[in-house]
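Below you will find the structure I want to go over with you.
Chains: A, B, C and D, in written order; residue numbering restarts at 1 for each.
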Amino acid sequence: MYSFKDDYSEGAHPRILNALIETNLKQVTGYGEDEYSLEAIQLIKRKMNSPQVHVHLMCGGTQTNLTVISAFLRPHEAAVAANSGHILVHETGAIEGTGHKVLACEVKDGKLTPEDIHAVLEAHTDEHMVKPKLVYISNPTEIGSIYIKSELEALSRFCQENKLFLYVDGARLGSALCSDENDLELSDLPRLVDAFYIGGTKNGALLGEALVICRDSLNEDFRYHIKQKGGLLAKGRVLGLQFLELFKDNLYFELAKHANEMAGLLKTELERAGFGFFTHSPSNQIFPILPDKLIAKLRENYEFYTWAKMDDTHSAIRLVTSWATEKEAVLGFCQDLQNYCKD
Amino acid sequence: MYSFKDDYSEGAHPRILNALIETNLKQVTGYGEDEYSLEAIQLIKRKMNSPQVHVHLMCGGTQTNLTVISAFLRPHEAAVAANSGHILVHETGAIEGTGHKVLACEVKDGKLTPEDIHAVLEAHTDEHMVKPKLVYISNPTEIGSIYIKSELEALSRFCQENKLFLYVDGARLGSALCSDENDLELSDLPRLVDAFYIGGTKNGALLGEALVICRDSLNEDFRYHIKQKGGLLAKGRVLGLQFLELFKDNLYFELAKHANEMAGLLKTELERAGFGFFTHSPSNQIFPILPDKLIAKLRENYEFYTWAKMDDTHSAIRLVTSWATEKEAVLGFCQDLQNYCKD
Amino acid sequence: MYSFKDDYSEGAHPRILNALIETNLKQVTGYGEDEYSLEAIQLIKRKMNSPQVHVHLMCGGTQTNLTVISAFLRPHEAAVAANSGHILVHETGAIEGTGHKVLACEVKDGKLTPEDIHAVLEAHTDEHMVKPKLVYISNPTEIGSIYIKSELEALSRFCQENKLFLYVDGARLGSALCSDENDLELSDLPRLVDAFYIGGTKNGALLGEALVICRDSLNEDFRYHIKQKGGLLAKGRVLGLQFLELFKDNLYFELAKHANEMAGLLKTELERAGFGFFTHSPSNQIFPILPDKLIAKLRENYEFYTWAKMDDTHSAIRLVTSWATEKEAVLGFCQDLQNYCKD
Amino acid sequence: MYSFKDDYSEGAHPRILNALIETNLKQVTGYGEDEYSLEAIQLIKRKMNSPQVHVHLMCGGTQTNLTVISAFLRPHEAAVAANSGHILVHETGAIEGTGHKVLACEVKDGKLTPEDIHAVLEAHTDEHMVKPKLVYISNPTEIGSIYIKSELEALSRFCQENKLFLYVDGARLGSALCSDENDLELSDLPRLVDAFYIGGTKNGALLGEALVICRDSLNEDFRYHIKQKGGLLAKGRVLGLQFLELFKDNLYFELAKHANEMAGLLKTELERAGFGFFTHSPSNQIFPILPDKLIAKLRENYEFYTWAKMDDTHSAIRLVTSWATEKEAVLGFCQDLQNYCKD
């Protein structure tokens, strides 16, 4: 049985575990002020050619989203997200738990446009309604689509003109930036957005996300917020060492590239076999539409989620690959698919 | 330079890192429903002879405290803590951040008594004031003192009679339970308290606390709260594997015992040299009162916190030992102390 | 210029002001424990034949909604509302401000059905999502439609079966209960719902809503919540005296009936003149669809809101009547309408 | 039986009720944008010679305190108050309910000094603790003492130097400003503090407090906060008309002066009879220390609170006067006191 359910089924990249072992007994300062964390932060800034930004190493995605949004917004201000947005649906009301409404935009491909946000602004005009103030997007989105540079630039411009913060949930940012269709550089982000995070958990780390805050004013007292929300690890070294390893060379991007390539192999084979897809997703998640009978057969050897029922005999499934996905498993899946289709 | 500043300066016990490596590429379910976490939870329940309790593996202490307290209390209900309580002072208002007041009791030794809580109840009589509902204690306390069985039983009885929840912050619970003066068993706790956590971060883990909820009603939907507050790790295995290793034999207690022994060596030498202590602390934190000149000399080779100024020429310092404290370093400190005192 | 903008443009019914004057210098207990409030509460219970319910006199609608919902729900639980629901759109995120998500159902006539709520329950299945727990409806709805008895009974049954609280925002409850199409009695409500409020502000009072909580368990410590949220008036007599006057005979219903009759006159004339309506609303708000030119003419003598643009030359407007609406003004409007239509 | 329990036992000054009646059927805009509210706001600004401030008419004290503090502070920031501060003890955790800690200073006379606040700042040094940001004082304090100009100036200077907001709860501000010992003008306040409110409920109004925000930046979007916290009355005229009446001439101050004079009569008689006081309170609350036997006798004809037990046979009681206190009742009390003392 091999799992294509998600990109967090395995542990960490071996180099990360080695780094933990090699440094294990060195005594360092707690709460993220250790030498490893400080060095990792410097490295990440250098990778972005952005010495002026602020980087905080966080534990997980929901934690990061709720800490950022509650720190940036005043009580009456709201976030705007696509209807598929992770904060809208899959974080148990974590943002509302901090007091803020999340306003949903009905979109088809997981991506927000200036027009979507404009409509929200038009509908929120006075003090009887919340004030939209932060735009939340994910890149890639929850359904695997990615923002290309012109799209992000348009959002950026719109947000600046309308005094909105633009925040990118980058749980799988590596996969977006390493997509064949991507034309964004990591170093473009500080120029275009107010804050974003570089996901570690889903790209080789045991846990950890590197939050980048691109404006001094938004960073003021940010460590207070991390502590208050329970996100400040006593042994901050755990996060520092992982990001140090991921960014000291190109490991972070190599791992993301591998994940994308494995998804690409699956996609090519599925296309070759004549199947369509629920959505266009040039990242490490793909959503083929398959006959339910074929899905049942595949389930004998593979784990994956059914995403949506399409008609009486077809469903879309989700296949996710990761830095740890074995090429053999992918080829095996392709072979099985061929065999089942022959039958 | 050797540090006695805290018990989280080093990484994890080597067996824990080995366990991470050995299981690294095994694919398991996410969000704490992996086989390692489930097994760790079973082990912990068995260690307590308490099959009926509920165990959740959490990331850190503040996270655990705020999730527990906000899940247990209704909006108008408050926690009661000693004036030195961690939630009162050192968690950046994390509990208030979830909407709940923390009521302080002025105590001298860090420990709450039924009388202290009774006075709070007497002072909160109607709907113009919050309703005290949860008693928060730490064992050991923030100043190293511990609760003996009769003290905890008295608190337990008082809380039951007054319909108060009793919750124990066990960030250093291992050290309390392995103290020479302790007469509590781990298995006593489920009978005496409503919830408590077994601290991992400060006793050999990279991160992680095992929260034990002793009543079914308090456990209802608890995983929703963990998720909402940002504490549900995608790779829950990281926590599961660590607690599995700590509790599969007596490792957890051996590590705590070592920490206490190292503190004991320091204490004996300090007593032998004629110094007094700020507080009686039979656990892994001690607070000797030393001449400021001696403190300055010790600082040349050792790191530690100054706890309180006692008079014009003396201060109390805090020395903390851990599972990782080296006996050579402790003996070196004792030797240096002897030498400096001779001068 | 006469206003049909809303039902809170005037002050209070003269009997209410007289009651304030007559009792003005009598010394009474503060914070809602005065004799007038206690008597008003008894009267309201008697009117409902429901001695077992709990009644609290509150200041305003948003205040009532946020106090009720935050008192009833645990942090991970959410409210469900129609997409036009007042709490969803027009209370500046007051519910989210207390930490709770409001889940929207897309409905056309402002009314929720068991099917709508069922779909929400189906979509919220585990701890990564909020838990729907309270159903919020308004009667009449924000667009003037009302629930008939069989509809409310179906909702009631569904909520009980699914352990959901059913809460009715009755800002204009008088108008609903006095509608020609209504078959509900005030005394039906305690049997069918968990809590509701009888709106005073929009039916003759200066301010004030009578909240009825129909279950003992939901009422526990409720006055703490009122105080904490800032809703406990020192001079509670102001609320007590008003509800005493409204319910000591049938004044409350007579005022609502008058409002409905005035709306009925407007409606009949508009229908006679051949105009259609945006929605079917048998209460004190009507939404005729008129040519924009006619609307412009009407604006010369009347104030009202434009509700929605229907096509290039037509819009729906909202006309609201109240206990204070003068029949002469209504007849004048009808006459003007006739005149303009002739032109 | 006559009550000296509090200053909200009666209704409103007759002129206020007359104003409500005279304007009752005039149609005006809702939510505080009516002509009466706007005029009242202009009047208040003129009385203070402060055209630049922002005035909002609020429903009650707790509502005002929680709306101000939650609007002014970021999540990690805290308020500082005297240990007798109303927000600390008697508002059911309303401030904590919005997520903010209230830090207590142990003071004797109810008044904060720069030294008290300095000590709090010294103790809160990093991100593991909340950040003190707003200083809350009441004038008069909860025990009747008042701030003279030099004291308020010292606080003002200290707060400016330390970037703290200074906020005055003026529930009984009239009484403070009309005290014999007062040297502050209403017009001094906008210069010295960031925000304060002029209490109406306890000085002649049915309900209502006029909040004054003295800095543009703190006023930004403030009406959103009022609405979100449930404090925006649909019939804002109720508040507008009352403050219009109180400030169109000197009524507000005349009422406060009367209350103080009545307290002065009681005080003089009590002093004459040889009794001491719990605290020095030159406003409308006094706290004489009386033999318990005398207290029992007085209770036959008067209602008042026992404030504190002083020794086995003596207690301090609280006597409160108001705009409505009858001179005959006061003289009667004095006479009774004389008679009882003779016995």
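As a convention for this text, a contact is a pair of C-beta atoms (placed from the backbone, for glycine too) under 8 Å apart; a residue touches a chain by one contact, two chains touch by 3 or more.
Chain by chain, the UniProt names read as follows: A, B, C, D = Threonine aldolase.
Since the model is a prediction, treat every value here as computed from it, not as a measurement.
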Higher-contact pair (C-beta pairs counted), A-C versus C-D: C-D
Most distant chain from subunit C by Cα centroid: B
Centre-of-Cα separation between subunit D and subunit C, whole angstrom: 34
Geometric centre distance via CA averages, subunit D-subunit A, whole Å: 51
Intercentroid distance (Cα basis), subunit C paired with subunit A, Å: 43
Two or more partner chains touched - positions in subunit D: 75-76, 91-93, 97-99, 127-128, 130, 224, 227-228, 232
Residue ranges of subunit D touching subunit C (in the complex, touch as defined): 2-3, 6, 8-12, 14, 17, 20-21, 23-30, 59-67, 91-94, 97, 201-202, 206-207, 224, 227-235, 237-238, 324
Residues of subunit B that touch subunit D when the two form their complex: 75-76, 78, 89-93, 96-102, 127-130
Of subunit B, residues touching subunit C in the complex: 31, 70-71, 74-76, 98-99, 127-128, 130-131, 221, 223-228, 232
